[in-house]
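Some structures to go through are shown next.
The two complexes that follow have subunit A in common; it is paired with subunit B in the first and with subunit C in the second.
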Partner chain A sequence: MQKYWTVFQVNWQNALQYRGPTFVSILGNLLHISVLLYLWNAIYSGGQQLGNYKLSDLITYYVLQLMINSMVLSYISWDLGNQINDGTFSNFLVKPLNPLYYWFVINLSGKLFEGLMILVVGGILSSLLINHISIPSNGTTLLYFMLSLILGGILAFEFDFAVGILAFWLVKIHSFKYMLQYGMFFLAGALLPLDLFPEGFQKLANMLPFRFLIYFPIQVFLEKEAQPIEGFLIATVWIVVIYILLQFGLRRGIKHYEAVGT
Partner chain B sequence: MKQTVFRYFALYLSFLSHNLKNEMIYRANFLIDICIDIFFMGVNVIFFKILYGNIETVGGWNFHQTLILVGSVGIVREMAYLTFRKGFLELGEYVRTGNFDVMLTSPVATSAHLAFRHVSLTESFGEGVMGIILVGYGFAHLDAASWIGIPFYILMLLNSLVIYYGFCLLVNSLVFWLVKSQELNTVVYYFMNTARFPREIYHGLGKGLFTFIIPSSLIATTPAAILVGRAETDIIFLSIGVAISFLTIGLLFWNWSIHFYSSASS
Partner chain C sequence: MRSCMPAIDVKNLTKTFKIHQKETGLKGSLKALFWRETIFKEAVKSASFSILEGELVGFLGPNGAGKTTLLKMLSGILYPTSGQVSVLGYTPWDRNRDYQRQFAIVMGQKNQLWWDLPPSESFLLNRDIYGINPNVFQRTIDEMVDLLDLKELLNIPVRQLSLGQRMKCELVASLLHQPRVLFLDEPTIGLDVISQEKIRSFIQEYNRLKKTTVLLTSHYMQDVEQLCKRVLVINHGGIVYDGALSALSERYVDHKVIKIRFSSAQDANPPSTLESVVEWDASHAVLKVQKKEVARITHQLLGQYAIDDLSVEEVEIEEVIRRIFEEQPPQT
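Moving on to the complex of A and B:
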């Protein structure tokens, strides 16, 4: 446990050092979200409506999406894949560290740091939009929301780790990994709420676990989710199943590992 | 003057042919890149398909007109890869490792050397072709297509490319302070990604912001408006003015920022 705590601290220092780039990346996301807010506003002021979303629901959806992007979604696959491709992954073979736990801690410290920064940005944004956002009616919703964020964060890490260890078998295809990630985020409801999708698509997205990353937490916050408890249970089952698959995949991958450059 | 232009053009061609030869070694990569481009363009189209499944128009643009916007962004992106984009994506690496030294000492403007370094035909080829197809498809479904608009459309696409280059220069100049450019390019990525929404969605403060500070609202809307037949002379002159200003300010800021480059190792 002690060693992972050290990893956490080292990476926290590292994140502090690169606070400038982190801030710039948040600005990039903010740019994206503000354009979408203008888009929804233009659509609604023309008297049109999307599904059963009020304008304030939609605005809340995208402000939360911005925050979830920083707090929940994991982006470690890039570095993990590079480690495998350039051979530095060999370090794990001689150190008493499990790569899965190591990267979990790295991701956790990064997300906590980015989360603190986005809370400030999101706070400012929400106070500017205070009359245009939907706020939960009771404390239970907030509690459920926090829980769904935690579950979403763990799942997001697991998927990202899975994408990262693909590098054991596939060399040098960054863009393919990027495509996988983008596909997952799309099915998670990053671009549009899933209940605006055509029916067949909705069924598919509901069966897949990706909705727990973005769509599900936001639905909980907006109090549109009919069965939050059932959702928590399903998400937990997915977490366990994917954890087992990851351990298995990791073992197979290491056997396949070529340790280039060492 | 004429000689300089000629020299830069010759330089560009030799970089292009060199990189093409390089890319041809990895034919499988080329195919993968095309598939990925088709995927991303596909997701964009699906986004609007779902959106227009719920509503009629966005800022006065219907579905087929919006496809022209989406396609135009794709075409500008491919033109950017053919002229400058990839060098900027690698800039952070050059600055961090100190390889940027080479560009400072070469007898060409650094902004040009960096741009031409990795001009790529194939990187975004799929996006360019998909873009042309989408524009063509949207154009074929217009009620009143204006054929005489096509040459002006192409001219304004080039104008958008200049805006894109100016913005890219401005944002990437910050690399000399941040020493990491991945995040800067996220901003540039979103800049182009949000360009596919019509300019009409902005009002008030946002309109100014997305015209003069982050000029994404002009990139696709100006050329597309010409094809759709709803362009007014104001917006054309505005776009040209913004292009000239961004190019000038971008180059000035870039040349000033270079002084803060601190090299590394060696």
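Moving on to the complex of A and C:
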């Protein structure tokens, strides 16, 4: 649809205005990752190994996580929540524009923009660490990895949108949003690979869809995922189920919005 | 004839908001966790009116009178507690795509323009949201840029525009799809006198050229006085007057104002025989007189005093409005 393509382009222009701050936030993430890499390096220098992760696997894990943070994870709930709270959301009620598709396109164009920037940073980082990272053995792995990033990106958007529309019922979502996001990212494997946790926790994390955001794509890349195809199918089912729930939640939220005004 | 059809038809429209009350302070906050007192506020009470296509009608009322709530219901942002609305034959809160393509709402305190981009980008976005033909789009832009004198502003980021310039751009963005009905909620709020005047003339000119039905809310008297032949005065949620602005004083005011300039110095105290003296000093006087008494009292004044100048005036419209606004809500 022409209108969503224009939304994409206009948001791209907007992202251009913010390339400075975006770059700074990437540097911040880089710093975070560097500390973790340093830590793991120190731990492994004692000769121990965690699970079936070689040091190079862990380094790769965190470098990929840095890139996934920019390319996959969605951060639109802040703006969406603000729009609902300050009443700007009314634009979606008076214009022929679907809020779910609109924000999807906004997120997509933002992620592609940030993705391009992180590819440069990640590329430099990888070339510095080239002797310390694991590289996929064949092209199929790379293809699977791309597919898992796309599925993860869609799911990440759906979760973030769900957090954003909580603003229909809550006056200030920001503190709540951080809590949910930390929980979500933890269960996605942002801090540690999920298979390094106790078994009970692993089982829980495996049943939940959050692992598809970070853990699953990286496992695919590291060729540690035994059943990638099955994973794709499960992720797709989650995407569809959450999409239906979102449509329902959005309708309920708008009903509430229409009733109370702002 | 198209112009005789009512564009907007509102019947017994009521909107009641549920409000949770909380006692002041920490103790009140704790209490509110378990038990909150709920009160119901009728923002709009059984409002009925109808507006013809091409009319420019003003909603006049103090803050909190229910003007914005009414406009929000007419544009489908809020749904009512009860009552019916038909705008161009549509029920607004059905949010029919065909309806959305035929109306626009501009809120003085909300914006739709992209803050960090020039307004031209937001215009382009609206072009494609509404599916406007590119040629028609360009023509409309040129026309409005001309009317509003915007040429130099189109490529400056919105955040660098003044409030007045931004309002002009908001108007353009909302009019690109040439809506048949336009709702303007406080379009001049916070603007300086010159910007207010420019926005006003634009609205007037636009309504004249395009025959767009315009419904405008404002608490600035001048907006309504200049623009609207017909006003709906709304107070405490109800419509208390619907008609010509000029007829408002006839209906609500039973007196006129007599102003006098004496030709020679007078006693600084008013004579006890005259009632309804508002001001009185050695050189001039102002009296508020019942309409039917005007002739008699004028006669009496002319007989008693040496007068240079005497005028009989209507009470100022602003005072009439103020009086309506000051009326207390009926106790419920």
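We adopt the following convention: the second predicted complex is superposed on the first by the 256 of 262 C-alpha atoms of A that agree within 3 Å, B and C clash if a C-alpha of one lies under 4 Å from a C-alpha of the other, contacts with A are read in each partner's own complex, and residues count from 1 in each chain.
Operating definition for what follows: a contact is a pair of C-beta atoms (placed from the backbone, for glycine too) under 8 Å apart; a residue touches a chain by one contact, two chains touch by 3 or more.
Being a predicted model, the structure only gives us computed values, none of them experimental.
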| item | value |
| --- | --- |
| Touching partner for A:140 - first (subunit B), second (subunit C), both, neither | neither |
| Broader residue contact with subunit A after superposition on the shared chain, subunit B or subunit C | B |
| Residues of subunit A that lie at the interface with subunit B and also at the interface with subunit C | 18 |
| Subunit A residues within the subunit B interface of the complex | 18, 20-22, 24-25, 27-29, 31-32, 34-35, 38-39, 41-43, 46, 48-51, 173, 175-176, 178-179, 182-183, 186, 191-192, 196-198 |
| Parts of subunit B lying in touch with subunit A, wherever the complex brings them together | 32-33, 36, 39-40, 43, 47, 50-51, 53-59, 174, 177-178, 180, 182-184, 186-187, 189-191, 193-194, 197, 200-203, 206, 210, 214, 216 |
| Of subunit C, residues touching subunit A in the complex | 17-18, 69, 72, 75-79, 93, 95, 97, 100-101, 103-105, 107, 110-112, 114, 116-117, 121-122, 124-131, 157 |
| Contact footprint of subunit C on subunit A as seen in their complex | 2-3, 5-7, 10, 13-14, 17-18, 86-88, 90-91, 93-97, 258-261 |
